[in-house]
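In the two assemblies presented below, chain A is common to both, partnered first by chain B and then by chain C.
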Partner chain A sequence: MLRRNKKGIGLEWYMLIVAVFIGFTTFFVYHFSGQKIMDNFIGDYQFSILRSVQESEKTLFYVDQSAQYSLEQSVYDLANSGGVSEIEISDEENFAGYECGKYNDAYVWYQVIKKDGKYDAQECFDEKSAETNLAYTFNRNLDNYLVSYPGNIPTDNYKYEFKNNLEIIGLAALPVYINIFKKEIPEDFSTEAREIKPKPLDAKQLDKDTTKNSEGFRDFTGTDLCAKGSRCVLKENAFQQLVKAQDAAVKKGISLEVYSAYRSSEQQQALWNGDTPEKYADRYKDPTVRIKYVCDPKGGEIKCPHLSGNVVDIRLKGKTTKTMNSAEWNILYSIMTSADSNKQPLWVKYSNEPWHFECCNTPRYSRAIEKGVTSIV
Partner chain B sequence: MRYKISKNKKGIGIDDALPLIVFILIAAFVIFVFRIYDSTKLDKTIKSIQQPKDEMYGHEILINYLSQTDSKGNSKAKIISELYVGGEYDQISIDLQAYFKSKLEPIARWDIDIVTVYNENVLSVKGGFSPNADKRFINSIKIPINSQKPNYLSIRLFMSRDLPIDFYSAKVG
Partner chain C sequence: MIPVMLVGIITFVNNNSITGNVVAEQSDNEKIGTYSVMPSFRAKIDYSLQDYSDLKIKLKTAIDKCFASKQQDVKDCIRTETNKDGYNWNCNEKDSDVLYDFTDKLKECINLENENYVCRFSFDSRGFLNTEKPKRNFEIKLTNWYYPRIKAELFEDDDILLGTEFIEAGKLFYTDYENKDKESKNLDSITIKINYEDGIPVVTDSHATFKDKNIDRTVGLSKIFLIYKSKEGIKFIDERFESSFRGPEPANTIIDLPRMQGIDFCAKTGKKVTAYDASDGKVKEREIVYKFAIMLPNPVPAPVELFDAKDNLKAENSALLAWGKDSQAGIKSYSVYYSTKDFIDVEMSDIKKDNDIKKVSILINNPIEIEKVDLDKCEFNPTNEPCKYKNYGNPLLKNKLYYIKPENKFVYVLSDVDFKDETDYNIAITAVNDKNEEIDNDNSIKDNKNIFDIGKNYLWFSSNDDLPPAKIINLKKETGSDGKIKLLWDLPTKNLDGTDLSDLKGFNIYYRKYLVGPFVIASSNIDSSFSKKEIRVSDAGCSSSQPQCGYEMEELASGQYFISVAAFDDKNNEFKDTAQLT
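The block that comes next holds the complex of A and B.
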């Protein structure tokens, strides 16, 4: 080429193109080769285990500190109420009556009644009940702290033992679950007010966030459908009915929240035996009285429908059963009992409890369908 | 080229060397880009390893600080909570300053923010950050507050540190 060109060499553009091509090829090969930075650098997964350990340590620290305040508050509350704590049945202001009642809004410790010209004196306050009352009040106060924590700490989860001079030891029934493999939710630095807009459920995400077991139960604890601190398990069919109800709720611009669902017979037995903070067995030694407040697991699914896994205690999200007004109960009722594609109600309501709904052929549901109603005793 | 120089009687114009010059320039450019890319990658890798290490250390410092108890058995978390409820922010600030200065100043610059559940920053304790420092969120712990409505405060630790020299020396070596 050089010999023949008597005019000298001009700019050989093809060389330029080749050079550019080689340059870019080298760069891209280098860029996309195994040497690039991986999203998960060496040790990232190991660190995620350590992070979950930290998270659990923080959670326990929070529970521990909260317990201190709860105890102080409980002593104060009990002192205010004369040492009596009555069980609030299903969050309602519906107390299991104190035998001697109240006088001027204070519980009566000792009463003298004149009857047939005679004076009948009665001791009303049993000092031995102080421990039971303290445990119940303490648990209620502690739960308030636990649900305010950003993570999901199970509520009503401790069996309390009292030692020495007001030392409480809580033995947890359920552990706190911290997902090692889930990417940690970053600290929220936003200062804008958070708006909780109801959004339709994403079936794929729901499948990821929930677990199904071999017995046909679906555990949806920790999802938007389950109240914080609650354990939510339902039979698969019931869960699907709940999802449909939630979809109906979203169309009305609201969300639902389950706060009690399936109870195992062991859990029900623990309630009956008084192994929970309510200590039903200590309060109501006579089973015929106790059965007014807690169902005997011997009655099976008919007497204790929560054992079936087809029952929910539910409310509107962001509300408690205490703050729900009658209009909101009505909205909840209309959503839950809306008809499915077979023109059957999704759920039916237990008439005595506006939060209690059953589905999927429980005896109560079947009776309601037979009678053509959506609310039944 | 030598042949051309000897035989070409018209002499060589700049045109003859142009492809070579362009090639050299491109090669230089590619090498330059590689160098930049390489150093960025190294920086990023070092930081991504340093960050979790700092998180671990930050957690340890925070939890140790908050778990300290006074003679009455009150934890530091409880004392802070009570001071917060009482509006005594200065007291909290002095205490935080003293503790974290002794623990962190030799190795890093630090900041502590105390934030409410509504993300309101109620107290910021500065540990020598310059405005342009590479301030990174390290860790946070939530402590309950004994108020009317159960709530919590979030204690957030930020740090900035110069990366250890041995990282670079290891690369050179």
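The block that comes next holds the complex of A and C.
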């Protein structure tokens, strides 16, 4: 007679339960495979934001370090120039130079003159200006660091305050913008990525990368057409003329770079009032003298053409106004003034500044067209 | 694609009170929003701007002290004052000093207040005495930068860039003489080549390039840097017209540059920062060095040396003054002081007030350049003209300045109303700059070198009158009813060199028996066989109102005579080539 094993009966039940579990699991797996309901996991975008926060922290750290290095460099540079800083390029033709000049590349602090048989040591350098000049030198050095950062950090963006022995506080006017992407984009540190290769503009991409506002201005800051760190805004027509000029440049194997364009009347007023590192109002207290070096916004677009949004200060990509040679200025001139479909020059040059071009019926542009020239005072 | 609506705002605060801001956006690409943050910062360094005030005070104290104490060499005094007490304010010489030597003077020309000036300057040896490399070839290139700036660059051996400087000069122009105030000829660039040998600079080439109908052309420019400053700006001078610009006033107003002297300082503080420097292209810990300069009036021209005086041969009331030409820039003229009284120890300010001390100013604008002259010999050929100096073949004209090039010295023929022959004079000479400054001769200043020194710039001198009256003319005879001979001749009014005769004293009448022959005009051959009769002007009965002189020769017995008449002056100067008759 067959005897039943009670332990064996228990195992069968266990086997049954496992088989049912596997069966259900297989059913569910097969049933839902091939259907995707989400392309990311929960909290993915929050991670993207956190990555941007991390990126911003890196940027802020870079700015902090740059400021520290710039301060040491500026103290060194300013001492080397006797506490004097000259504004090399200003709105007006006049060079905002140091009144007493230099001797053997050193700025003159005293000029001793003989008058009526007596000697008088006339003071040329006001030590109180050292702080202003340090801020200007600091800003220049800091900008050099900022444009070297892989991201886009605005330049000429600070209002400076000094505290004794010696602390500088830079209060930013504009923020750093960091794009939040769906996916992390690996950082590219290859040199190739930083080479300046002229490439035709992609109209669709340009449209995405720029913003238009209701007043007809196009902001192309951060694009290939705008120098790193600069804020680039133009009227729509002027922007389209610039795009055409860039297309002409690319055909010649070069690229253009705008480093100054539209300036709002508030920005111009800040320049005039001395609220920028140039401190024009401190350097030239008398407005009748100051106007020789910076334009008074009261003069409107005629006196300050940058207010129009139809003016660019431009150079070849990868160059500065100091490193551009005369042949390169000539190439720039020829590209910018090349004819459009109406056989009119895209832009006309202000004769006294090889980087300054105007378009779109500014008074200077109209005068040039009337006279049939492409360079005019 | 998943539309993402406004996600929210995340804020956080760091220790600099910077706020981050997130903005999401409708997007059809990978970008879903923007995060923004204000990049404000704070940086600190252990340093004080007070250094500038401290340095200025120290510098001003040194300047005041050196000028107040009437230091002989103010520049040296200031250097000494700023380098004591453990300080070191001296600068190391650098290659680019060659460039600044040029550009500093160019800027000074540009900044001259007035126009229509000719700037004249040259390279000096500003610190560039690299003994390890005594021969160096530099090139300065000027190019139009952007208006109104030009760029000046210094190269060595054509390619190594040693320095760059930007100058507010408008544009590069060159000009000839005719059109200096009219049209401007544009230049593209200017190249100046300078060879330094043992610290002495020599400009070997200066030329400009320009485009003429799209063809590159060159033009030679003045190598001594004659630059014309006009209303339009500065114009470099075409070498072919250089001599026209060198002409003295009123044709040209020449300004010698520099008109001030500079001292540069490099004050070391011992404080260090980490910084980059283009000199070595490295970032490293460096000492903070404050560089600055001061400008001082040019020192008064140094005392003249090698002063000498000689008699102006065969000339009255004049002297030949000779002295060494000084190489220092800015000398506009020389002043000669003379007096019968001693003024060697008299301060210049008192000399100028003293009416007994006469002054003659000699402008040095355009001296007559001569190669060779023997100041001890001259001869009349022909008469009625000034005596011609040997080896030169020409007279040395009164109140004219000559430059004897091989000897590098000036010669001036002094002939002043108050200067008289046979008078013992104290004579001194000083160099004067364009501000009319000269040595002060202040012996109260210790170690003052700007004083009169016998044998160097002060001497005693007396000139001789060795100029005889001119030859007698219209000598004739009249025989009286008593058979006596009366000689007649014109009153001489000129000296032998054609100048006015003012010291006629009398006449010598030479005579001896003459055997045969008609009247003969003979050359001088007055010898001991002649008898001599000396008469005064009054004996000859002539004067300015009675231009005919006459004398009755009672001494003559009957017969034919050879007779000569010669005039003599107060110093018994007599021309031997006498008028003669028989």
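The rule is simple: the second predicted complex is superposed on the first by the 313 of 377 C-alpha atoms of A that agree within 3 Å, B and C clash if a C-alpha of one lies under 4 Å from a C-alpha of the other, contacts with A are read in each partner's own complex, and residues count from 1 in each chain.
Everything below uses one rule, namely that a residue touches a chain if its C-beta (ideal position, glycine included) is under 8 Å from a C-beta of that chain, and two chains touch if they have at least 3 such contacts.
Remember, it's a predicted structure, so these values are computed and weren't measured experimentally.
In the superposed model, A:148 lies in contact with chain B only, and not with chain C. Shared-chain residue A:165: touches chain C; no touch with chain B.
Contact with both chain B and chain C is seen for A:69 once the two complexes are overlaid on the shared chain.
Of the two partner chains placed around the shared chain by superposition, chain B is the only one that A:58 touches, whereas chain C remains out of contact. By the touch criterion stated above, A:23 is placed in contact with chain B alone, chain C being left untouched. Touch criterion met: A:43 reaches chain B, while chain C stays clear of it. Of the two partners, chain B and chain C, it is C that touches more residues of chain A. Judged by the touch definition given at the top, the superposed model places A:82 against chain C, while chain B stays out of reach.
Where the contact sets of chain A with chain B and with chain C meet, they give residues 68-69, 72-73. Of all residues in chain B, only 3-4, 7-8, 10, 12-13, 15-16, 18-19, 22-23, 26-27, 29-30, 33-34, 37, 41, 44-45, 48-49, 52, 55-56, 59, 63, 66-67, 75, 77-78, 81, 117, 119-120, 137, 139-144, 146, 149-152, 154, 156 touch chain A in the complex they form. Chain C makes touch with chain A in their complex at residues 2, 4, 7, 10, 12, 14, 18, 20-22, 24, 29-49, 51-53, 56, 59-60, 63-64, 67, 91, 96-97, 100-101, 104, 107, 111, 126-127, 143-144, 146-149, 163, 165-166, 168, 260, 262-266, 273-277, 286, 288-297, 435.
Chain A meets chain B in the complex at residues 2-3, 6-12, 15-16, 19-20, 23, 26-27, 30-31, 36-37, 41-44, 47, 50-51, 54, 57-58, 61-62, 65-66, 68-69, 72-73, 141, 144-145, 148-150, 187-191.
Within the complex, the chain A residues that touch chain C are 39, 45, 48-49, 52-53, 55-56, 59-60, 63-64, 67-73, 75-77, 79-83, 88, 93, 95, 97, 100-114, 119, 121, 125, 127, 130-131, 134, 153-154, 157-158, 164-172, 175-183, 185, 208, 321, 326, 329, 351-355.
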